[in-house]
Amino acid sequence: MRSPRLILAAFTVLFVLPLCVLAGYAAAPGWTFPEIIPARLSGRAFALLAAQGPRIALAMGGSILYSLAAVVLSFLLCLAPAKLFARTSFRGKALLEAALLAPALVPSMTFSMGAHYAFIRLGLADTLPGVILVLTMFSFPYMLRALTAGYGAFSEKYALCAQNLGAGPLTVALRVELPLLAPAAAAGGSVVFLVAFSEYFLVYLIGGGAVPSYSGLLFPYLTSSDRSTASILTLLFLSVPILLFFLTDALLRLFTRGSRMTP
Amino acid sequence: MFFACRDITKSYGNKPVLKGVSLTVQAGELVSVIGPSGAGKTTLLNILAGLDRPDSGELRFAVPPSKKRPVIMVFQDYLLFPSMTVFENAAFGLRARNMKKDEIRRRVCDALDYFQIADKANAYPDELSGGQKQRLAIARAMAPGPSLLLLDEPFANLDPNLKQDAAAFIKRAQREFGVTTVAVTHDLAEAFVMSGRIAIMLDGALAVTGTPEEIHKNPGGLEAARFLGPVNRIPASLALAPGPGQGFTSGGALYLRPQDLGLRKDPQGEALVQGRAFTGRYYIYEVALADGPLTVHSLQNGIVPGDRVRLFIRESAPAAPPTPIKETA
Amino acid sequence: MPAKTTILLRLAPLAIPFLAVFCGGLVLAAAQSLGYFSPLPALPALSADAPTLSGYAALFHGLFPASFFFTLYVALASASLSTALGAFMAYLVWGLPGGFRAAATIYKIPLILPHIAVAFIILILFSQSGFLASVGHALGLVETPADFPALLYSGSGLGLIAAYAYKGLGFVILLAYAVLSRLDRRLIAAARMLGAGPFIVFTRIALPHMAQALGASFIILFLYAFGGFDIPYLLSESNPGMLSILTYNLYFNRDLANRPEAMAALTIMLLFSAVFVALYARIASRMKNTERKL
Amino acid sequence: MTRHDSPSLVRRILTAAFACLLLAACSSEPEKSKEKSVDNLAFAELETMAAGTTVRLFMYGGMANVNAWIDGYVARELRDRYDITLVRTPMDAPAFVNKLLTEKQAGKKDGSMDLLWINGENFKNAKQAGLLYGPFAARLPNDRMYVNQESAQYDFGYPVNGFEAPYGRAQFVFEYDAARTPSPPDSFAALAVWVKEHPGRFTYPQPPDFTGSAFIRQAFYAVSGGYEKYQQGFDQALFDQNAPKLWAYLNALKPYLWQEGRSYPKDSAALDTLFARGEVDMSMGYHPAHAQAKIIEGSYPETARTFVMKDGSIFNTHFTAIPFNAPNKAGAMVAANFLLSPEAQLSKFEPENWGDFPAIDIAKLPEEWREKFNAVNLGPATLSPQALEAVAVPEIPSEYLEALEKGWEENVLR
């Protein structure tokens, strides 16, 4: 039990094997009991994938677009409050911080179904901005938390120091604080992206099908009897966060230019 | 006069931090404010830097600081920007002044050369040693040509064996550039090496100001004296042989530096040695007197627990206290 | 302390959308549960200007109470399972040599899988004709699909629990490992020298060190499972079903007279969750910034 | 900030919250509809108007072959013939009806849906709440030319009145694997016997799922002596008299169902999966050629077949409808008309495309088209139109349907 190999083997069974089973279904629509290895392979799901290419690309593009927008929006919304929470104390702060956690924790159905009505009245339902807004409202606590931690991780004197050296507010914000905050922002942004990208219900409710979304494309297949297409689309889904992880890492390296600051 | 502050007070909440500080600094001087932590040194520095405002009192500059002739502070932990190279850090203040690229390049290269970090120009701060970081921080502060340089605890983040070198280096650089400098530190030895003048700050006020020699000779008060090193307090009940050197007295008690107090083995001596410890520079003896225990700091060696000794005043002791001593706690 | 106006000004970018969308949504849901803003003003029972509690009353006579306790059970069971397994696995990862530890980051896979995909994986693995049944067949344990234990849709909630537990596992490992990486390894060596066995080391040193992080992640997972929609959509039992599905059906698949009932269910779920959010905030406020994800 | 200031902070926040709320809930005049009236245009004018527009079709999205047909054939033809871009959005019918209702209530005049695939109680709900545009069916040339108006007059007993255009026809069938079940039951009475002999091998989707609901309707006909008496609209006394027979029938089956009746598959797709994977021996569906399509897809074994009950097999027509606030009504009508064209109906009839039965009357077609329809090979799994015709019974009025679904939950599920 203490053997590293054994532990790793157990991890592989637990975490990689399910993906292999998905790959099996992707390649063999007729895979059924009691075959452990699919008996007949078929390219049908791949053909469907190719035939639906533009549609899948559109859905994927839509999902990436609104998820990235939610990341950017949540970053902008949380910047000033995170600094406030990290740098100052005031009465009611603890209560406020707790309240601002709530959107990520309470059932999202409650606020979204209530807000749906207002969104329709405001003309935000079935629009990309509406979807971005509702996803941001659902996922910003992760960004707020990350940025608060980020501000807490470096001294407020950096800004003071830069100001003392003659820098204006914009230079202080962009050249000094932003690079220091970048690792935290990337960490928070990754979570926000992942949450937004995976979300089905809110996009379905507020997007009303008018906003192309990969989860919206995937969902009917997952609930249908077509396991082959569902599997292949799930595997495709996974590729996005994994690519994103490497991309963020590379960008962060570029942005903080080799500095070995890690979140 | 370069600047003068008079009767500066500052409180945070209900806690007074500065209780009327007055200090005059001449152009080109290097003045160190020393004192224990919590004495208000950094607050004074922040006020000088314009990062904080005094509650009352007056701060006057002969030539008011401007963007061209700024007051620049080197923070205690240097605050080098981690995402910028050494060169970019040093150039930061110049870029903020929209200086021409060539000019920046020339001035930064000169500065890095002088501060012996030119070979690290493209490195990032986390690749520098402690001493290099400090030199970069000073180089960065010097680059825009400040009229007043403020050093906050310049030795706090250095290895003990580097502190003396750093002090000498700062002294040389300050002379070379001729920039008026105020440092606050609790590192006595380094402040003595580095500074033209020293002010001792205790509990929100300056206790004494003077050259290192003057201060050493005449700390101006018991607490300041204690801050500069251990002081023996000999109760009045214990009459020591008065001599040319009398130590200074206050309320009947007598105060002596370790080097001024001797112990002599004497079976009739008034004190029984019960414990002994060596600090590396002097001994600490626990002795029992007729009316209670006493801790004695002395250079005297050769005494062991169990010996009965007599205390005496060495001839090196100063003749008289320079100013009346306020005895507290 | 900064001035009140400064605080409000700094909070404004977040506070305004938070109040308008989130709090506004909650209040609108509550208002609809009382019969306001009804989509069908023609229905006399709902057009009343005075609030009506008929939505709540209908809930308590319907499938709601059983659903509530079933959902509670699923959420508690799955969060406990994730937390217990995750703590242990994080400890295992922590004890691995460097190279193995890097390879063990495959534990993050369930973290990036969307809930619905996890439900799908549980479905294809655990259904009576699923992959595990096939493995059972190869081992000679299972003759026909019916011989494989009915884990899904058997009324036991096991499929739901498995899916939530699996999805939460990566999360708990991530958080617990972040905390463990700050644990001084010499403490383990010291304990071993003092004669502690592996079990004692785990329960007396590693577990207390992780306790807060585990408590916090337990609450997060509990709340996700309590209010989540995606996994029950694929794996929910029929009766009692999960609250989110009950609500979804009331909202979407029934006629509009049921709207207050749906909103009443949502409001009760919210109030119940709010208690746990407060609890979470208490625990999390004592944790290091770097050790919290939320 | 001092201590006693904080209540005022809280008060301010609360005030702001309610201000925002009121703003969101009560303000905002519904936007003006930008669309020109299409009510009095001739079809040729509609075609001109529709050129270069996008039509958003909302429909059930769980059938990959249907999705592929819409996204492939239909989208391509609409683009080539009319320069219309077709965008399909998967959404269950109750969900989009609900969405429309909320939009109507909120006063949203510019919607996001142009064309809906709809029928049954969803149509009735939508029609009653004034959510549909129309009447428009008679304006479609293909509807006038090819549709047997009599057969498309009612949808689940509810008059259509031109508010939806037919699109396909379906009949309820059971699916089985001839290799596993050589002789399937041919009546509901025989089904009860069969289920008891094969415990755990049969189930039906959980109403209010469309298919599950259709199953209990058929059973209702069977246990209460036929469909005829229900066709005159809802009669509570009749329902109260006969419904208990259905509950008794279903509750007798319950212990012998899959998972001993503790759970039901949530929809027909879930049941298909159980059947395809051999966990149950029968599936059912409202698509006569569904089994054949699943064989072609590779999910069902080659030996999958369909059967119907001799007590009757309900059929219905499915329709397309246009929301009241559709932004592109002209395009929607052009698309609905195209779906009724012989070309589209033939393509849809091909089992490898979909296998959905034509909504148009073959007899009204020119000779060459009749031959083309007759030449379609429905595949071995699909029953012949004649066999289906022989047992076809009409749908029940949708008030019964709702009562049955609710009753099922109270009397069978619990």
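Read from first to last, the chains carry the letters A, B, C and D; within each, the first residue is number 1.
Heads up, the rule we're going with is that contacts are C-beta pairs under 8 Å (C-beta built on N, C-alpha and C of every residue); 3 or more make two chains touch, one makes a residue touch a chain.
Not measured: the values here are computed from a predicted model.
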| task | Mind listing the chains that sit against subunit A and also against subunit C? | result | D
| task | Could you tell me which two chains share the largest number of C-beta contact pairs? | result | A-C
| query | Measuring centre to centre, with centres taken as mean CA positions, what chain is farthest from subunit A? | reply | B
| Which chain has its Cα centroid closest to the overall Cα centroid? | A
| request: Averaging only over C-alpha atoms, locate the centres of subunit A and subunit D and give their separation in whole Å. | output: 35
| query | So how far apart, in whole Å, are subunit C and subunit D when each is placed at the average of its C-alpha atoms? | reply | 34
| message | How many angstrom lie between the centres of subunit B and subunit D, each centre taken as the mean Cα position? | response | 87
| field | Inter-centroid spacing, subunit C versus subunit B (mean Cα positions, whole Å) | value | 58
| task | Send over the residues of subunit A in touch with two or more other chains. | result | 32-33, 90, 115-118, 219, 223, 227
| query | What parts of subunit C, by residue number, touch at least two of the other chains? | reply | 1-2, 7, 15, 23-24, 27-28, 31, 37, 129-130, 145, 233, 251
| request: Enumerate the residues of subunit D that touch no fewer than two other chains. | output: 1, 5, 9, 21, 24-25, 102, 105, 266, 277-278
| task | Go through the chains and record each pair that touches. | result | A-B, A-C, A-D, C-D
| field | In the complex, subunit B residues that touch subunit A | value | 49, 51, 67, 70-73, 75, 77, 79, 81-85, 92-93, 96-97, 124, 126, 140-141, 144
| note | Note: in the complex, subunit D contacts subunit A through residues 1, 3, 5-6, 9-10, 21, 24-25, 27-28, 30-31, 56, 58, 61-64, 67-68, 71-72, 89-91, 96, 99, 102-103, 105-108, 111-113, 266-267, 269-270, 272-273, 276-278, 294, 297-299
| query | Mind pulling up the subunit C residues that touch subunit A in the complex? | reply | 1-2, 7, 10-15, 17-18, 21-32, 37, 89, 92-93, 95-97, 100, 103-104, 106-107, 109-117, 119-121, 124-125, 129-131, 133-135, 137-138, 142, 145, 169-170, 198, 219-220, 223, 226-230, 233-234, 244, 247-248, 251, 262-263, 266-267, 269-270, 273-274, 276-278, 280-281, 284-285, 289-290, 292-294
| Taking the complex as given, what residues does subunit C use to touch subunit D? | 1-4, 7-8, 15-16, 19-20, 23-24, 27-28, 31, 37-41, 63, 127-130, 145-146, 150, 153-155, 233, 236-239, 249, 251-256
| note | As the complex stands, subunit D meets subunit C at residues 1, 5, 8-9, 12-13, 16-17, 20-21, 23-25, 92, 94-95, 98, 101-102, 104-105, 125, 129, 200, 206, 208, 259, 262-266, 274, 277-279, 402, 409, 413-414
